[in-house]
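Next up: some structures, all given as structure tokens.
Two complexes, one shared chain (subunit A), two partners (subunit B, subunit C).
Right after this comes the complex of A and B.
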């Protein structure tokens, strides 16, 4: 039972990372290497504000959201805006990789390279077992984020602009949509999603500078398993990956986490390359 | 032989002579160690350059292959007491085999997926070196035997590494200048067009990936012997990123650009103390600057500068219009 719950909790974080991938992908067709680092920033700045400055958890959450949104915006300004207009598809991969390295190493220099504990958000003693907040906080946070994102897409004008842009950027621009501003907004939203998830899962992952890279990989695996562009797929893929990791760690030991995750990725890519809920890719010609 | 090819031959000979005599004019042992490290890195980067620079496959996980080479050498030459030279060749073969096994599924994937697969490979290798403690020594690590005389001294080892580096540079240069190199560049610039004119895209990608795996295995064996003791922490993911950054900064589709990038990026943090403190942050900043300002790489900057400094000779002399033919043409046009 503890395996199931902890797997779901880790899966919720992967799913939220996959959601952030999706939001950025929908407007710019870019899979940003910085996605996992957003969640890392949320965790680190949350811990910094609450433990380091001694402020209340709500202010910590606020700081995480601000930092995440700001980092999302900066990603767009620095790494995406100048690059996405060029036809070379590799450039965005290089620029986001560079930015991810800068952020990770910068945080490493400032925060230290050891994982630091994340404070308790709600008063609760450590004997709660399965009901411990470190398990259910990320699950609830991801659920709320997914519902909020779905409502945003369906009910608001900006959400509809996102959908229009993900269908066809050029047509959207021809209809008078300011695609640059919408893209920047999508990066801010992705930053907020990642930061909230990273903040909520902080007690599970600790505030650790190298978390970003692992999450970038695992979020991507969740996304590829669920299907690129599908939010339901992101949730299912994240949960599946989290559960698989937890059960395999229970069965054969925790040393083979990455091997198992990548095995799942390879199996899905070979059997169903577009993922469980993804749209079939058009051929490049 | 034309004068330009004579000049390039002379340049190559001077460069080789400079590399070969380096142990006698460096200031101290540390600089010699640095030079050997650059040569070892270059053995890997030169092979990786065929994959990243020429065929455009963004592999950021070659540190995994480097680790396999180093552990292979430590185990074969150290534990089983094979001859170091045989172990060196065996490590090249193992690296090539691992490159084949990694490339077979992952080279079918599009850009970002491929980069993630190679990164995952590097993480898996790091994980396995920790997990398979009986075999690799786990977190404690393994001692790596040195090469026997005459390559045991720092000078000797440097010459061995430099020899390997020159050999592999020569090989990749031959590949790059042949039909193969053109085919690889075509794959990088437009895979669909390359396939339509008959370039066997997947086979060529796989072949250069195997070659890069072999060079990574060789480099790993040399690297392990140079470090003389390896642990999983020696092969952090950032090292793979460093190899990748060297190529991108030097410029894709060239050989001397990445060589320049390797030398500068290895030596600069060692020479300038504040940069060493920044560590990998410096590589990230350098990569970002190059991608945003000169996506073609530093090599391109030199080309532009040399074109500025040495403007091409302009044609002087008047062009005589052929008035009679022009009049005839006009008449024909009018009569039609």
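Right after this comes the complex of A and C.
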């Protein structure tokens, strides 16, 4: 049972990272390397505000949201806007990698390179076992984020603009949509999603500067397995990856865990390249 | 030609005839991962290295020559370490190389420094880093990984009288190799671990592994990993389960970072790790004299208060420069062949970290006698209490 619960908790974090990928991808067609680093910032700044400054968990969450949103916005301004507007090549891979590296090193210099504790958010004894908040907080947070995102897409004008841009950016622009502003907004929202997830999972991951790249990779695997562009796919892909990691470590040992993760990605790419819930790309001829 | 002119010419001729090194500094290349994921040890070692250089220079240098420290931050990255090692030996033309700090980096740099024929002080612990034939001028100052493991195994088996061992390593090269060595050494003592596993250093929860160890009947947990996050989770899993099984293993279970990661202070009890005698308080509550002398000298530079990190790293850094000083004095200069000879004939060189001896066959300078086992939660002023025997 512990394998199932801890696998789902880790999977929830991967799923939230995949959701953040999706939001940014919908408006820019970019898979930003900074996606995992957003969650890292949520955890680190949450821990800093609560433990370092002695403020309440709510203020810690607020700080994480603000930092995540700001980082999302800066990702668009620094690494996406000019690169995407001036080149059709995938140079955003380099620009987002550079920004991710700068942020990781910067946090390492300021926060330190050893993992640091993330505070208890709700009073609860550590002997709670499977009911421990470190497992269910990330699961609940990711569920709420997914529901919120779905409502945003379906019920708000901005959400509909996201959908319009994801289908055809040029057509959206031709109809007078300020695509640059919408894209910037999508990066802010992705920043908030990632930071909330990183904050909720802080007790599992600790506040650790090097968490970003691991999440960037695992979030991408979850996204590719679930299907690029599908939020349901992101949730299913994240949960599947988390569970597979946990059960493979349990059954055959941790040395094969990464092989199994990447093996899952390869298997899905070979059998169903669009992912479990992804839309098949049909090119009209 | 007047007397004054002749005097000038004579002086010029004298200067020109002096060997090149006599006019220059003794250059020490210091490959240190001052930033990056493995920086804690390097930052502490750097304090010792810098202090020793300043102290020796303030006393007039070595054989009248000042030491010049050429530091390069490898950020814990083997590719950077290789690039800086090449720069140090070929461009900077250093006389000695100290480091790098981490075994993974050292595996990459040691052949380069060896090819250049420059003496290399090794401060990584894995066995493969020294070899009298392949790398004749690489000499290790730190203990070996095997010495840590032997000390921990001996304590678990002979003192705690435990023989149902669970080995938990991490999936890094270092963790895998350490867990393998630990298993081999236990086999020599006739013990087969009841449970053995490797865990991803970033795995978010070790409850499953600890449950399995308990189900297998383990009466001691022996973790072989330098990843403090993983070790913190392991100690937390044991505490949350309410399982008071002893943990005996890698020195990182004593790291100050662990104190912050554990859920409750009492979770850290019944935890032991291999550590140097030099930073172990004796029964009278005092440190060995040489360690205390260095603590007293360095304390003002370290803020004047309680030292809240592992002092053995500082002592090791300090000793590496003092070893360089000793070798230059013994060799009468910086000729690499003479330095090699000086190392090979050095016996019982007393340092703050250890008492070193090297031979033509053995490049490991740290003696078995200088390793002991500490109680993890007793860190005070950078040192620990000895584990009860």
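We take it that the second predicted complex is superposed on the first by the 279 of 285 C-alpha atoms of A that agree within 3 Å, B and C clash if a C-alpha of one lies under 4 Å from a C-alpha of the other, contacts with A are read in each partner's own complex, and residues count from 1 in each chain.
Definition applied: contacts are C-beta pairs under 8 Å (C-beta built on N, C-alpha and C of every residue); 3 or more make two chains touch, one makes a residue touch a chain.
Since the model is a prediction, treat every value here as computed from it, not as a measurement.
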item: Combined model on subunit A where subunit B meets subunit C, clash or fit; value: clash
item: Partner chain in contact with A:117 - subunit B first, subunit C second, else both or neither; value: second
item: Subunit B versus subunit C as contact partner of A:73, first or second or both or neither; value: neither
item: Contacts of A:136 with subunit B and subunit C, given as first, second, both or neither; value: neither
item: Subunit B versus subunit C as contact partner of A:97, first or second or both or neither; value: first
item: First (subunit B), second (subunit C), both or neither touched by A:258; value: both
item: Which superposed partner A:105 touches (first subunit B, second subunit C, both, neither); value: both
item: Touching partner for A:206 - first (subunit B), second (subunit C), both, neither; value: second
item: Subunit B versus subunit C as contact partner of A:153, first or second or both or neither; value: neither
item: Superposition clash, subunit C against subunit B - the stretch among 81-89, 189-197 or 369-377 that is involved; value: 81-89
item: Subunit A residues contacted in one complex by subunit B, in the other by subunit C; value: 105, 109, 214, 253, 255, 257-258
item: Complex contact set, residues of subunit B against subunit A; value: 56, 58, 60, 105, 109, 111-113, 115-117, 119-121, 123-124, 127-128, 130-131, 191-192, 237-238, 241, 248, 278-281, 283-285, 287-288, 291-292, 295
item: Touching residues on subunit C, where the partner in the complex is subunit A; value: 35-40, 170-171, 176, 197-200, 202-205, 207-208, 211, 228-229, 232, 236, 239-240, 242, 255, 257, 260-261, 263-264
item: Residue ranges of subunit A in contact with subunit B within the complex; value: 31, 78-79, 82-83, 86, 88-91, 93-95, 97-102, 104-106, 109, 213-214, 217, 220, 224, 253, 255-259, 261-262, 265-266, 269-270, 284-285
item: Touching residues on subunit A, where the partner in the complex is subunit C; value: 2-3, 6, 9-10, 105, 108-109, 113-117, 126-127, 129, 132, 134, 201, 204-206, 208-211, 214, 246, 249-250, 253-255, 257-258
